[in-house]
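We call the chains A, B, C, D, E and F, going by the order they appear; numbering starts again at 1 in every chain.
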Amino acid sequence: MKLLIINPNISHSVTELIEAEARRSASPGTELTMRTAAFGVAYIETRVEAAIGAYATLDELAIHHAGHDAAVVAAFGDPGLEAAREMLPIPVVGLTESALMSAAMLGGRIGIVAISRRIRAWYGETVDRYGMTSRLAGIRCLDEPLPNIGTVQQDKGEQLVALCEAAINEDGADVLIIAGAPLAGLARSVAGRIPVPVVDGVNCAVHQAELLARLGVNKATDGSYAAPPEKGWAGLSPALGRLVGRGEPQ
Amino acid sequence: MKLLIINPNISHSVTELIEAEARRSASPGTELTMRTAAFGVAYIETRVEAAIGAYATLDELAIHHAGHDAAVVAAFGDPGLEAAREMLPIPVVGLTESALMSAAMLGGRIGIVAISRRIRAWYGETVDRYGMTSRLAGIRCLDEPLPNIGTVQQDKGEQLVALCEAAINEDGADVLIIAGAPLAGLARSVAGRIPVPVVDGVNCAVHQAELLARLGVNKATDGSYAAPPEKGWAGLSPALGRLVGRGEPQ
Amino acid sequence: MKLLIINPNISHSVTELIEAEARRSASPGTELTMRTAAFGVAYIETRVEAAIGAYATLDELAIHHAGHDAAVVAAFGDPGLEAAREMLPIPVVGLTESALMSAAMLGGRIGIVAISRRIRAWYGETVDRYGMTSRLAGIRCLDEPLPNIGTVQQDKGEQLVALCEAAINEDGADVLIIAGAPLAGLARSVAGRIPVPVVDGVNCAVHQAELLARLGVNKATDGSYAAPPEKGWAGLSPALGRLVGRGEPQ
Amino acid sequence: MKLLIINPNISHSVTELIEAEARRSASPGTELTMRTAAFGVAYIETRVEAAIGAYATLDELAIHHAGHDAAVVAAFGDPGLEAAREMLPIPVVGLTESALMSAAMLGGRIGIVAISRRIRAWYGETVDRYGMTSRLAGIRCLDEPLPNIGTVQQDKGEQLVALCEAAINEDGADVLIIAGAPLAGLARSVAGRIPVPVVDGVNCAVHQAELLARLGVNKATDGSYAAPPEKGWAGLSPALGRLVGRGEPQ
Amino acid sequence: MKLLIINPNISHSVTELIEAEARRSASPGTELTMRTAAFGVAYIETRVEAAIGAYATLDELAIHHAGHDAAVVAAFGDPGLEAAREMLPIPVVGLTESALMSAAMLGGRIGIVAISRRIRAWYGETVDRYGMTSRLAGIRCLDEPLPNIGTVQQDKGEQLVALCEAAINEDGADVLIIAGAPLAGLARSVAGRIPVPVVDGVNCAVHQAELLARLGVNKATDGSYAAPPEKGWAGLSPALGRLVGRGEPQ
Amino acid sequence: MKLLIINPNISHSVTELIEAEARRSASPGTELTMRTAAFGVAYIETRVEAAIGAYATLDELAIHHAGHDAAVVAAFGDPGLEAAREMLPIPVVGLTESALMSAAMLGGRIGIVAISRRIRAWYGETVDRYGMTSRLAGIRCLDEPLPNIGTVQQDKGEQLVALCEAAINEDGADVLIIAGAPLAGLARSVAGRIPVPVVDGVNCAVHQAELLARLGVNKATDGSYAAPPEKGWAGLSPALGRLVGRGEPQ
């Protein structure tokens, strides 16, 4: 099994957090290819940053997917996920979607704990995109500037645990998602202190990517997730252009 | 890994179909314990049959879950699933829920193909219970009496493929679920003829049960999926009574 | 008019509360048959307890419905209600459904006041099952252990009134349901202190059961509420088996 | 028990149909006061006609409600119902709401059969106003001009039965409402030919009005269904002005 | 361009506030005809007042619309709007609808700030009528009696600004509507103190009315917004009767 | 008034169609700046093409918005619209959103007529993103390959009119949107043949962009539509980087 994991933002320190949790999560024998977006922003918390991250992710996926069994879009909010799923011949999962679908099988109402106030709107819209808003207990978030995105787990660990408790007691969450690639692995370390199941986007995504690859289903050749119909294109990387428009550029 | 798989109806021939697909699906080294409901009906297609199957399933799970890593409620419609999830210390999945959550990561709108007209209402209510109605393209079904529930795949194979095609072309399905334990394994044999991904409840449930066991999350001790509070009970099997009411019967 | 009223839990003291309110509610000349579940738990507040109560209720209904004009499932949460409605030739109502439908004709947003924190999730899911979530102002509940389920009205009366006030002032309720068989009759005694209409599940259910019997509609012989199609069965009480599977057991 | 029944349109022949069914429906000893709108249109099938009918109904209710135990707004679509419920000290029901709430206790999905194509939009919006759209199987309607609104039952009986059958077989209705005051009583005469329960708006409304009166709940003095706060008014009938604005006109 | 603007309540001081803001809003060359309801209440905050205002508005529109390019129903809550849209050959807009549709193009979640607690239910139902509830962040309101509806802006200005801030910080509003004709113009004067876009119902309605007139679309002659089919009528003003029922009164 | 109009795909022939309709729509004195995406595909009908178009659009907007009063994203489906709205200090509208919000003020249920079967899923998801799914009557589309995207109006005019009629008669549409930049202007030429109002995305977008500019609201500095917080960036055009990440690239 070979998985391609894309960090849609440009922070190599976050890629390393993702990789560490991905390696803890992967089955024995699964190989991981890690890629960091070639352009974009340090971390994604707004719609415009997600739109940039989506394009960077699609380009990485187009260039590097060959030879892999599945791919992971490794930012919470899943920038470009549905687009990638249309485009690629292999299964693609995102952190939010994987975490939601896994959490949904562990309880009724799902709480999300996140790293910034600004990120709430985008996360809420992501949950809604998947039709899962009726399952959402709420989104709780840290409410202060983060001096260092790479050490947020150490710097804000206690506050994150307190947010988990509020999600259970005040929002009625039955299961929690600790959200955002910078928090990858935190669920593992705090699980013992939280009285409901706690899942991690990277952990869930690696497992669900392996699962979809093992299901062995065919790529759609009809319906709205078939590859896009052939059409003129220009100004894209050759790998992306060939997947999306087919043929040569105009 | 040890999985406990309960067939909520009394048909041993259906248990055999479930077991065959479950063995094709399980990871190397996974052991399966198969159980058939001790009482109930030949197959479940109505609310009252599901209520009976739920109780029979809870009793089997209570009696046999010890020593297993996860459990599967192996009827589409998932009778007793949420109840089992509250009650047991291990993860429990159902065919419908597993198939829906897996399908949701393979496309946008999900079509279901089923074995009887009567079963549609119950399946639709099951999808709704999970908050997934907005993802449902439709439920298509065979519309004739089934002389033999154990050979429906052979007897009705072509009609089931035609229903798949209608789900794609008329309902806009991006991914299909072939629903119902009596159809276990059919997805595998017809996948090559269907232009969108096709998933099977048993296959998805075995994979998702393994996945949840591997995630290693804790059983809830708070929230609405904690074990039920201690209370008086009577007339239950000792195993069920001890899990639900604790202590001795009144 | 003869009504069959089933208490889905095993507490005879609760059956007595239900009976007292049912007798206050029934029209002159209506006869009541009271039944207490033959097995199960002392009171129902979780999904697993409801699944057990559903089966016990179906069995009581199957055995005793003959000669009655309508039946009442007398636990809030209505365990087994839709199943019973499929199975029986007479109308069946539940406390939650009757209270919601009556309350909906007395105001816009409906508040529910209940006896335990744990019960909230199950009640919320019950309201959702009826498609009435958009009418729900909220569910308020007592938040302490109940030493004696049979005397909760006397022990917690003031707190229940305070919950009613909060439902009006903070949740925007236009009408209130005091929920749960152990609170049967409370609405009557506190109504004078609450500035919106207050309804009681038992009172509403008895009235709606009489109303449905008087409407004189036919039992469905088509659609998803027709009796279940004939099929093999085993291990059920003869009365239940004959209603669900028809014919003799396998 | 005294019920005030308002026909919101100006057709006395329709008032007679309503009265005949209301008398068949009322309990022994219930007295009926029938009123026909003093102004408006021959029958209501559009939003503007409903707005006119609402005002005419409110005026009739204001003038005549004294001495009654409950009131009925006797046009399907319930023009002015929520407004009347705010304004009056007695319970008020409408044909659509009563039929929906009764039907909801007889099955899952509710089909409506109506007398004109134009009326469908208004009926659909009425169902939505009550939050019941998820319970609606569909609205089927006659699709030709009605030469005589008072004899539609005789003229179009067979077509109405065919619409019922389509609602069951094609829309999946479990229970049917035959809608519109001009069809009052039709459910009674065709019930034997329809394989699901069939309810009638007038029949349901009379029964639910009696039921609400018997529940004996208090009029709201807080929340959004309390009588409107005192304020200046002008140009209303004295009865309406005193109920809505209090005091004397400006 | 000529716009007809109806104040659905009887307060001439409110008509003046509306007119002042409408004149600030209108394009150069747009002429305004202002009308105040001939009967009704001083201001509208309940369902019954809205039903009265709807009828008064329809009558004014019927009598005065000739020669205008579009019309505005100038009370928040839009009494009679859809009815007017069916009836008239020219576009008609309401304050709530115009403000919601404009606000929806300025942000994601929309907050409403209003002048009385009682008005909240009616405003919430109005938003729901337009299918926009999922966009609503919340409705905040003043919570004290208003001694003078004509000077509420001066008397309660600071409190209204504080409500705006709460809507942003606590409800997550991205854009605000200051609601109710008595607050017409307030958005303009407080905009500099509020960190999100703030819109005003009158301002939006005048602009959207001009826009719809400029789009130059045809009046529907089919579908549910065509003029009502010809039918008997009585007791209406001749202008209203001719638009709704056609022909002469019965 | 100066408007910046971006065609998110690379087809200059489509830009010309957009420009022609935009010039017919704009107020006297409004100046238009037309831009065509610098890279991407010939026309957008899938999620991946929309993701590419979103990025191309954001880059054009970043580079060229200075000196304009509002901007238009001129592809149906509105690629990058919410992202642009966050990023830019001026109002931004899209064709779908503008058409939906305008159509919503002209009728109840909105039908969409589009140029390809494949495009339906993306359009449906766009409507859902705006919370307007309950207003959608349906999406009808041409179902054959389009030899020439620039002449689809001439080649397929009759078929498009037939789709409009089906949307009214079969889907219950009260108002229609003719969707997609390649159909810009078609609404104008066929309006006389369609019995409900027909709107055009470009026409609506130009009018709504002018309207929002005239409302004169402030750019959000708080809430989820404020400009993104400052953060590290790399590999973006300087204009885009400065708007999104602020400061200099990493």
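Heads up, the rule we're going with is that a contact is a pair of C-beta atoms (placed from the backbone, for glycine too) under 8 Å apart; a residue touches a chain by one contact, two chains touch by 3 or more.
Quick caveat, the model's predicted, so the values are computed rather than measured.
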| item | value |
| --- | --- |
| Fewest hops from chain C to chain F - one hop per pair of touching chains | 2 |
| Those chains which touch chain E and also touch chain A | C, F |
| Pair joined by more contacting C-beta pairs (A-B or B-F) | A-B |
| Per Cα centroids, the chain farthest from chain A | D |
| Averaged-CA centre spacing for the pair chain D and chain B, given as whole angstrom | 44 |
| Between chain C and chain D, centroid-to-centroid distance (C-alpha), Å | 28 |
| Where chain B touches two or more other chains, by residue | 82, 85, 108-109, 120-121, 125, 172, 174, 224 |
| Interchain contacts, given as pairs of chains that touch | A-B, A-C, A-E, A-F, B-C, B-D, B-F, C-D, C-E, D-E, D-F, E-F |
| Interface residues, chain A side, partner chain B - complex | 82, 85, 91, 93, 97-98, 101-102, 104-109, 130-135, 168, 172-175, 191-192, 194-199, 203-204, 207-208, 211-212, 214-215, 217-226 |
| Footprint of chain A on chain E - complex, ascending | 108-109, 172, 174 |
| Chain D-touching residues of chain E, taken from the complex the two chains share | 10-11, 38-43, 45-52, 54-56, 58, 80, 82-84, 86-87, 118, 120-122, 125, 129, 224, 228-229, 231-236, 240, 243-245, 250 |
| List of chain E residues in touch with chain C within their complex | 120-121, 125 |
